[in-house]
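Letters are used for the chains, namely A, B, C and D, taken in the order the chains are written, and counting of residues starts over at 1 for each.
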Amino acid sequence: MHTRFQHAIGAFHLMMRAIETLRLKGHSITPEECEAACIAILLHDIGHGPFSHALESTIIQNTSHEEISLLMMRRLNTAMNGRLQTAIEVFTGSYHKRFLHQLVAGQLDVDRLDYLKRDSFFTGVSEGVIGTERIISMLDVRDDELVVEAKGIYSIENFLVSRRIMYWQVYLHKTSLSAEYLLMQTLLHARKLAMAGQEVFATPALAWFLGKNTKALDFEAHPEALDNFAQLDDFDIFTAIKVWSNHPDRLLRIMAGKLSKRKLLRIQFLARKPKKQDLQPLVRKVQETFSLNQTEAQELVVSAKISNHTYDPRQGTIKIMNKSGAVIELDQASKEFSTRALARSHTKHFLLYPKEIGRFEAW
Amino acid sequence: MHTRFQHAIGAFHLMMRAIETLRLKGHSITPEECEAACIAILLHDIGHGPFSHALESTIIQNTSHEEISLLMMRRLNTAMNGRLQTAIEVFTGSYHKRFLHQLVAGQLDVDRLDYLKRDSFFTGVSEGVIGTERIISMLDVRDDELVVEAKGIYSIENFLVSRRIMYWQVYLHKTSLSAEYLLMQTLLHARKLAMAGQEVFATPALAWFLGKNTKALDFEAHPEALDNFAQLDDFDIFTAIKVWSNHPDRLLRIMAGKLSKRKLLRIQFLARKPKKQDLQPLVRKVQETFSLNQTEAQELVVSAKISNHTYDPRQGTIKIMNKSGAVIELDQASKEFSTRALARSHTKHFLLYPKEIGRFEAW
Amino acid sequence: MHTRFQHAIGAFHLMMRAIETLRLKGHSITPEECEAACIAILLHDIGHGPFSHALESTIIQNTSHEEISLLMMRRLNTAMNGRLQTAIEVFTGSYHKRFLHQLVAGQLDVDRLDYLKRDSFFTGVSEGVIGTERIISMLDVRDDELVVEAKGIYSIENFLVSRRIMYWQVYLHKTSLSAEYLLMQTLLHARKLAMAGQEVFATPALAWFLGKNTKALDFEAHPEALDNFAQLDDFDIFTAIKVWSNHPDRLLRIMAGKLSKRKLLRIQFLARKPKKQDLQPLVRKVQETFSLNQTEAQELVVSAKISNHTYDPRQGTIKIMNKSGAVIELDQASKEFSTRALARSHTKHFLLYPKEIGRFEAW
Amino acid sequence: MHTRFQHAIGAFHLMMRAIETLRLKGHSITPEECEAACIAILLHDIGHGPFSHALESTIIQNTSHEEISLLMMRRLNTAMNGRLQTAIEVFTGSYHKRFLHQLVAGQLDVDRLDYLKRDSFFTGVSEGVIGTERIISMLDVRDDELVVEAKGIYSIENFLVSRRIMYWQVYLHKTSLSAEYLLMQTLLHARKLAMAGQEVFATPALAWFLGKNTKALDFEAHPEALDNFAQLDDFDIFTAIKVWSNHPDRLLRIMAGKLSKRKLLRIQFLARKPKKQDLQPLVRKVQETFSLNQTEAQELVVSAKISNHTYDPRQGTIKIMNKSGAVIELDQASKEFSTRALARSHTKHFLLYPKEIGRFEAW
């Protein structure tokens, strides 16, 4: 299955396999450490709200899902009298056996090994399939760091190429980006109305966030923030959107209506970031077409960018161990493959606007 | 299924899909050309004998399977009053629409697109899976040559990486190499006995080849060579091997016995080509262990090498066409990927000898 | 995929296949009739609300989903100037070519052929898999009625046995029944509160139904009933349940809390229908355990029954046509199989109550 | 995979699962008994020759494959100093824990549970799929006999219906029967020639059998019979057939030629067994068409019959255990299903003859 819950179970399963492999290769991992690593991976995504990234930059704004995961683990830890202490250390990277943290969050963590395989299977992008089992069986530890046996190098190269394919063809797919941005604009507009005192349908948990200035929202200072956040799921958002498509506010009605009928905004990639005056004609057409004022129309014309590193050495490198036990960087180990190219960052600018207003003529 | 027949059907299916795609993009392909391309791909491997490469260098020696395929097509052409004329031109590359030949034999031919996908599926090497459908849908023609649309570039990179994985992990797998070399040595020894007048069990077709000095064998001058070759299949070889495992000749008995009981030779990769004197101790041990004379023992100690280009620009390059219609080389189109590394040739030396005699100490 | 939308698409696909088969066997089906049959099957389930049967007996009460489907088709028909007229006739069975209706709703309709295969695949009940393609290829028409060719008889027998397995192992699975009944009790209690004037969180569409005496609700007299019904989906119900788990009313809080935490009621099959006094001790224990009054406690102790015909000849029989063209009933055609047994109705009584109060001692 | 070897491994796997299930339900099975049952199932089919049934009634004639399996087990037992003693007892049914034998050969043995699932998967007959895992999990033992828990009854009914489907649609498929009979006729004719002193190409092992009057062949008296039988596999037969298609004997050439080119005999089912004079016109036509004498022509006109019990209570019944532990016959347990019909034997007569001579007009 292809749900967040199944992903957690899948990553947990891979963690067990990885620990088993490392133990067979002679590395000591105590039962407590094994439990800690498994808890850390089971909970690593628990801080994700509904539509994770969309919500992270609208309903809440100064807190990442990793921080929220950590806050939830701490609550659980208190409730369970410290039973999660080691898991938290493994999760944050403060535990002394560093490779355990690398299995949770690193270049070859079991999180990626699970989601790349799961997502490529369920989206039908067969090129994205990776050799999860083989990669895990090639893992080893040297100087407290995860390394990969030299004969697994083809699988690692395939993993990096597949990951890049998944980014550009799935995670940053045009339709996906377009839906995400329209959702963000809708939530931001609903919050604006709520802050201005207008009635906006919402479940109690969603209402709590819509009525707050979330830039100033501090999860640590306000324990009820976490309670309300934990109540939120996709249903709260979907239901609200559906109801909002009949809201008296014209712009909210348009946005929510487009979302619930899957009439997404057009997305157009641009050679460079557009200047404000470039967009003026678009905004004017939106004003006319939808009978909106200028401020409202600007909420339907969105300029943004995405960028992606497939293999960013600043976030840690992949290390290869040859038969003699020597450890070298992937870059040097791979004779027929260049990871340097994968390390370069690529940024793409794009523009979103209603399909009704005709095509934007880019330069 | 995973048979040579199914591969022919699969490649034929992909040819139909490729032609359909090109026609939809406005390229004219007449019904006759379509038939010719389909016949060419259906028959492209018909010259393969049983255990193709093993047989090509033992039972016959100066004729490649492509040449035999061509000889068979010519016979069929004669029998069918010239109906295969265009197919033969497409197969040999003499037809004026060059891209048709590239679909049969080129960097992105439907032969590879079928066998890579089929083999990766049936061997369970999930990293070898390629996006066959997607690649085909991205094909186009410019200046009479196959090109790939720019948005298919990730699939092409994945195709090259996957192909390399399949070479090293499947086609040139140690066990596979070991079996192939033992089979070749066995057939060579059986032929030596047959040439010396000894009785060696064989079907009439196999006997025809065992009794000939195949170095001098000319398929064009001897029409019955092709008749006999067409009679040969895996059964002729398997059956003979089984019977030979009880042959009076000690060495043939050992070789055939090892083959039928899957007791293959040990295969050991070496840093460089071994010199003749390096192997003397091995040969002596084989002599003692198996009670053979020196000449015989040398047939059980084999030194050989393999090499592989994943992407050899001398065999034609992959061309990418961007949105504006301009065509550039893959190397220049791919920002995050280096095909130069893939183009380098890699040669590996290895040594084969019976497991009974202990490990060869390499330098 | 395993959604209601995919089921509609799947049944539509099978309808196309069935029509193609019948045409190949010489039966005339005009393009208009084909369109009508396809529309009828695409829309056959459109009247299902969220959690169909649960909602049908709580939120609305005197209207089946088939009637609502028909009301929706009529609205669409009006909006489309009569384009759906023939589709409606095929759906209701008033069209003169009766076999078209049998393909939409009959012993071997494409609805069943799709959902049995889909559900058995996705629930992993491999015994429930049926030979959909084979059954369709065996369909024919005699005297305006669907018949099955004699050589398809084993597939029909397998279809009936598989269908029975799916009923008892999936559709009427204990956990499924338990969840459905708890949902019904929760909705009934929420409606009771709403009718009594208490504030009960709901989307506008759900609120419309919760505030009505639905026994008297007449969809034909109140056009807005259909508008509101069409707005309802699973999200309205799920979201409300989640919010209700914090409702001031103790019983609603308990019910909704159990549902959202999947703490279902215990389900226990009984040899006969229990009498009211049999249940008094249970009700008392529920009162004590949950601090409820007697009326409330009775809502947590539910007695009900299910029954199932696998093959009810009163709903039409399956007819077999032998090679000579003669048509006989399945019962007579099948030498090694008795459909009479499948035609008998089986009724099972069961009881639901909270797991906290210990096991009910049945007789 | 779909080979005899994989079937043995599959049945062995199911045996392990069945033993595990029975142990969990409290039945004592010692490690020695477990080993014995596993050996018995691994070797249960070892006596099958190539094309099992075809060979059993031609090359050898008075020995079943079960007897040959037993002979081989005894040889292995001698070679292994009695290690297979218990396995042989379990295989023959003389071991005191009778249910172990029932797992190897009985109405619900793991042999059937494996081959029905494997064959239905690989032939694409989806109706033949059975719930192997579920059936095994429902197994129990009462009074030393295998029983099935009552809640598994639907799976058992499905198993019986599926088995019948597989018999009529796969194992006794017309094309399969036709190929098998042509193979038998070919082998019988080749043996006739060999017995008459003609040279007939064959491997040494096949030659041993072709030259014997196998009616009188006694495996126990002639130990070399078993040695030669063990050497035979599909390759011996296929290779000989291919060579025979160029044999000087006209009839052998016709038969072997038809086999190797898959030009099978026509198969026609008849309402009753044909009389000898019914076939005279066919035989005459064959004589003329193929220039054969009468004796030869009769070998190409074959009359035969097949019959099948799906559930033959004389071979043991399936017993159902209800919740209270009482054991009843399947027939009585199954309220909606009649096994009596499945118990009736069905016999079908059929006729085989070359397609070249036109259709036989049956009565």
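Quick notes on this one:
The rule is short, and it goes like this: contacts are C-beta pairs under 8 Å (C-beta built on N, C-alpha and C of every residue); 3 or more make two chains touch, one makes a residue touch a chain.
Worth saying up front: this structure is predicted, and the values here are computed from it rather than measured.
The greatest centre-to-centre distance from chain B, using averaged C-alpha positions, is reached by C. The centroid of the Cα atoms in chain B and the matching centroid in chain C are 57 Å apart. Chain D has its Cα centroid 44 Å from the Cα centroid of chain C. Taking each chain's centre as the average of its CA atoms, chain B and chain D sit 38 Å apart.
Chain B has no residue in contact with two or more other chains.
Contact topology of the protein chains: cyclic, one closed ring where each chain has exactly two touching partners.
Annotation, chain-chain contacts: A-B, A-C, B-D, C-D (touch as defined at the top).
By the touch rule above, chain C contacts chain D in their complex via residues 125-127, 129-131, 134, 154-155, 157-159, 161-162, 164-165, 168-169, 310, 334-338, 340-342, 344, 346. On the chain A side of its complex with chain C, the touching residues are 201, 203-204, 231, 233, 235-236, 238-239, 242-243, 246.
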